[in-house]
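What follows is a set of structures to go through.
Both complexes below contain chain A, partnered by chain B and then by chain C.
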Partner chain A sequence: MPRLCDICNDARAIVRRPKTAQSICKECFFHVFETEVHNTIVDSNLFKPGDRVGIGASGGKDSTVLAYVMKTLNDRYSYGLDLYLLSVDEGISGYRDDSLETVKRNKEQYGLPLLIVSYEQLYGWSMDSIVAAVGRKNNCTFCGVFRRQALDRGALMLDLDHIVTGHNADDVAETILMNIFRGDISRLGRCTEIATTGEGYIVRSKPFKYAYEKEIVMYAYLRRLDYFSTECTYSPNAYRGYAREFLKKLERVRPSAILDIIHSGEAMHVAKDVQLPSLDRCQRCGYISSNSICKACVLLEGLERGIPKLGISRTKQDVEAGPRESDLVHFEKLRQDALEMRKTRQNSAACPQSACACRSESGTENCS
Partner chain B sequence: MCDATDSPAMELPPKGRAEGARSKLCLKCKTAKPSITIRRSLYCKDCFVRASVSKFRSALSKSRKRMPASRAQVMVALSGGATSSAMLQLMADYQRMELKGFAAEPTYTGVVVGHVDESALFSGYSDSQICDIATAIGVECHVARLEDVFTLGGDQAALLELVHATIAPGTTRDQFCVQLARGDGSTPAREQLRALFAGLGSATDREDMLDIIKSFLLAQLARQAQCGLLLLGDSGTRIASKLVSLTSRGRGFSLPLEAGAEAPFLGSSSGVTAYRPMRDFIMKEIAFFNLWTAQPSVVVPTFTTGAPETASIDRLTEAFVVGLDRDFCSTVSTVCRTVQKLELRPDALTAAQCIICSMPAEASAQAWRNRLTVNVAPKDQTLEQVAVSSADVQPPQSTFDVTAHLCYSCQSLLHFAKPGVALPAFCLQNYREQIAGAKPSDSESDVGAHLQQSQERLRQQIEEFFI
Partner chain C sequence: MSSIETGKHYNQPASNLTDKVPPVDTRKYFDAVTKSLSKAKEPPTAKDAVSSQPDGSSVKSYLHIITKYTSGMELLIKDKELGLDHVFEVNPKAAPLNMKDLIKYIGETHVLEGKQSAFTRDETICPGIMVIINECDWEVMDELDYVLKNDDTIEFISTLHGG
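On to the complex of A and B.
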């Protein structure tokens, strides 16, 4: 006799839920997964009606499921959000070009407008050319630093209020462990926050903060979502690899461990006398930074001057002081443009035909 | 001079720290040939032992400055393992020095040993071996047995027995229901203890329960021996893996109490303060200290001795931390510093204590978990059905729900325990004390009265759903 679902006691159970080890049916799985994400969104007051929300879409499993679930929940619970897909093209052939094809298909499947910003176009360097210049070591630093800025730039081009990313519970738990191992107390305090409180910058949040990676894969599989699954062709982060491997073993010992780690991380309280870095604006591009010149500008200068170790190794090579001729569009300019867009939109509120598609195109042009 | 083949067994310090290697002499006395490398520094035997002694003393005095104990008698918790044996010798040595008259008045009036005998669960060594370690050093040894936790109130005392800890289909919340069970005195305490451990769900849970019982017994021993201070032999390596393991078990809320350098032991009401003066030693240092000072110790077995690393969370984290420290040699000290930078959240100071582990229980822990592990079928969401299902799970008269008195982690512990498991007697004591906090008397009928009150509260909450 087939085993019945532990939750509805009616349909046949087809999956063993990684988070709770219950045997449940397909419909109940969809229901609990979506409801938990909904609970996360509601409990942390992530959005308000009318928000323009960009979904950071890479074409991978997390962001594909995120796009699907966000659209589903927005319709089901009437959040009243304007959803957009926002992709970053790092310029890694054999990896990103293929995954972007997936995003383009998602755009059609979910009927969401899409904007792609590329490293090439923003910084004048693609990851392939960066790797050619710096080698395979440390190239992840460039990619990570540039991606963060690229998303913010893309968000301003679309005049978004909020970016959601597909970071899942495994990622959060891993980060907590990594910050413990490295003794990075200021990050340990911040890494459990569901949304970053950007001063004047676009709020960024992780609705999948409590969703297990395995369940996201399961969801994508059972819903037959179209996603791209290949590891990046360049090397992964070694130290994170340790934490990841440990977490996987821990999950095998006790499935609830991932959630338990996040619970612990949220309950930890950083002693008051621990110094936290203060935030400032970059003198060159206006991006938020804890130094006078932001990491992206330092790395770019290194690339342009032919000393790619600048900003990575601790050798005595100084950044040139003060503002410098840069190809980067200043953030103040982007913000002005966004403001303009908002005004135009408010004026043309009478015309309900949303100019999403053309806006995303013109946004792309603004930047080049 | 720089030839690496001089001492092939020794780890070579990396470039940039070559001073010690070039001279190949002890870092401290700069005359003797070094015998050991600790964190890339070379020491000779004598200097290493001396450095260990002063490291212990400075840790002790730092802790005393930050949190003085209420009474000056010290209890050294001795499992017989390497770290606690080394700690006993260091503490006894410190006390001898003070008594010799270097200090006008000794800081501590006396030193005794507290030992919890685990022979009910593990064989391989006897408590007389442990007492020998203590008597060889010349201190009195107080012993408690694990099974004592079942005879605290006499052979026939009532215990809390788990009825069910369940996510019943259709309920919106977990329930942890217990009932009072009176022992008939026929089951020996040792058997009751074994039944408790057999009824727990996994090796991780058994380790957790063992820690809880040992802590309770140590606190009791310390109180009985009039000790205000308890020294715990957690090495740096142990504290680092404990931090990771406690985090992985969802104990972040009480972490500073459980792994900090100095903390009230088992809640401020116990009157005992705990120090962890061995936190600056890594296991390697302790092993060499014991070797060179001829300090005997025993191998203390655990539930996962000899088991693969995925046998339990403790076993896994230990293997991982030791491995990581091998690759990145400052991991242990970095993680230990992280512990010191964490402090209790303000609400932890006023939170109710968990009746099992005596740690602060976060009030909203269960609600948090339930929002994130949804357990309701799509069709069960109408109000009517919620009312029906809530009525279904009203506990029968003789049982009561202790969910609100359990911390997040102990909820997990009970979740996978077998129904019918009898909890140690102190759980009932703790429960009574919490209820008595609201009403000043503690007889069994009050437990019943409390039960009715809570039933009434529950009923009021869902009243509007009744037809």
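On to the complex of A and C.
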């Protein structure tokens, strides 16, 4: 009793879309999935022609599908984007080293230049060495704080305009729930936005904001994409785990629950008279921060002074405010370098890629 | 997902089980079990089922099923297998084997101790695990009521692991 596709009524249906409950065939599934992402991109005005766009690539399913779809759409609809793969190596042996091998294969498969920035190189500490110092209790805090900054640092090294990440509808719905449960008003507002402006002029966006996880996995499966999946060897994020399980159960009973939660999250607004923390620059590394010293610098100081609880426990912090030599490359320096690269690129019209920082990684394959 | 092709069991020829004499070299890969559908007693061992074949009794029929585990599912399976072959002895007079039976059987027999609750719950597969029957989403088929056919390939794909 093979069912026919609800869209073309011709080929055999092989997947049920959670969004619409339609049973559709392979070709129609590829078409609707890609077209929906394209519509998200166009409706939200995510890119301008000539933008340098980094794809945050972990080697996992979401970012692998994102890299494939971004490359396909850029070619099909002539977005005119320069695409790059940008990966963060947290230094977790048995986990990230394996998944980065996948990213390196993706680089070849999709012909995109790749830059890998490592915690070791940026902060002087790999996650393995952090876990050795702090144990397995708060290590995820370090990893999360460091990762966000690492992507921004990598983006400046490549002089990118834009970073896209593989966050999907399930991730966004999960984050909305978590922020509600935690009462985190300012994050609740930000997490529903499809694009946020982060460091300097670099935009961050989630083209898969409305794409269900099931469809992403199905897409990877049907296209036979090469991706990596293992749990991080260090403790999983328990809080998110509960939110995720809850959401998956809801989805089974009512598949539209995920989009409904996103819709609710988007509809919530912070009242005008609520004071949100204003964003400033870290006095040490120049990163955007709501405190005079950013979380990454506090955590690093704790690591170096042998008090890893610094910045984690609620006891009064004794980080000395004021300028102190930071181990991190100052963001001002990174921004200056990026501007220099931009100027050089604009001046050398013959080969627009000649100043690209990834050149050492990619050779001259992008130069005409 | 190139890793699948290198999985241990996939290059084995699907033995022609209706001939009742599987090729000797593939026999060791078979994880055979006699399934009495009236009331499942102690599941017999692989040895029992295989050795019962050559006696040539014409009443017995066998069902060959391949199961695959990817995208993190292999972490739940004993020996982290990417794929398994199963031979079930079926009684033609009893109710046919369906997905519900298969999920119960895999959960009891092949999932690591202590991980069963991550595989099956409330007599079905856990939320977050995609089930693919012969390269087709099981939601398009009859899900738990799908009746297994000889040489069906069932894939379990986790959607929960890192992005």
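The rule is simple: the second predicted complex is superposed on the first by the 348 of 368 C-alpha atoms of A that agree within 3 Å, B and C clash if a C-alpha of one lies under 4 Å from a C-alpha of the other, contacts with A are read in each partner's own complex, and residues count from 1 in each chain.
Just so we're on the same page, a contact is a pair of C-beta atoms (placed from the backbone, for glycine too) under 8 Å apart; a residue touches a chain by one contact, two chains touch by 3 or more.
Nothing here was measured: the structure is a model prediction, and the numbers come from that model.
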Chain A as common anchor, with chain B and chain C clashing or fitting: fit
Which of chain B and chain C A:249 touches, first, second, both or neither: both
Chain B versus chain C as contact partner of A:63, first or second or both or neither: second
First (chain B), second (chain C), both or neither touched by A:300: neither
Touching partner for A:127 - first (chain B), second (chain C), both, neither: neither
Centroid geometry (CA): angle chain B/chain A/chain C, rounded to a multiple of 10 degrees: 80
Touched partner set for A:168, first chain B, second chain C, both or neither: second
Dominant toucher of chain A (residue count), chain B or chain C: B
Chain B versus chain C as contact partner of A:226, first or second or both or neither: second
Chain B versus chain C as contact partner of A:23, first or second or both or neither: second
Which superposed partner A:88 touches (first chain B, second chain C, both, neither): neither
Overlay on chain A, chain C to chain B nearest C-alpha distance, Å: 10
Common ground on chain A, meaning residues reached by chain C in one complex and by chain B in the other: 249, 252
In the complex with chain A, residue positions of chain B that touch it: 167, 169-170, 202, 204, 243-244, 246-253, 255-256, 309-313, 316, 320, 324, 331, 334-335, 337-338, 340-345, 362, 365, 368-369, 371-380, 408-409, 412
Chain B-touching residues of chain A, taken from the complex the two chains share: 5-10, 19-20, 22, 27-28, 31-32, 35-36, 39-40, 43, 176-177, 180-183, 185, 188, 210, 242, 246, 249-250, 252-254, 256-257, 259-261, 263-272, 274
Sites on chain C touched by chain A in the complex: 1-2, 70-72, 75, 127-128, 130, 132, 135-137, 139-140, 157-163
Chain A residues within the chain C interface of the complex: 3, 12-16, 23, 58, 60-63, 99, 166-168, 171, 213-214, 216-218, 220-221, 224-227, 229-232, 244-245, 248-249, 251-252
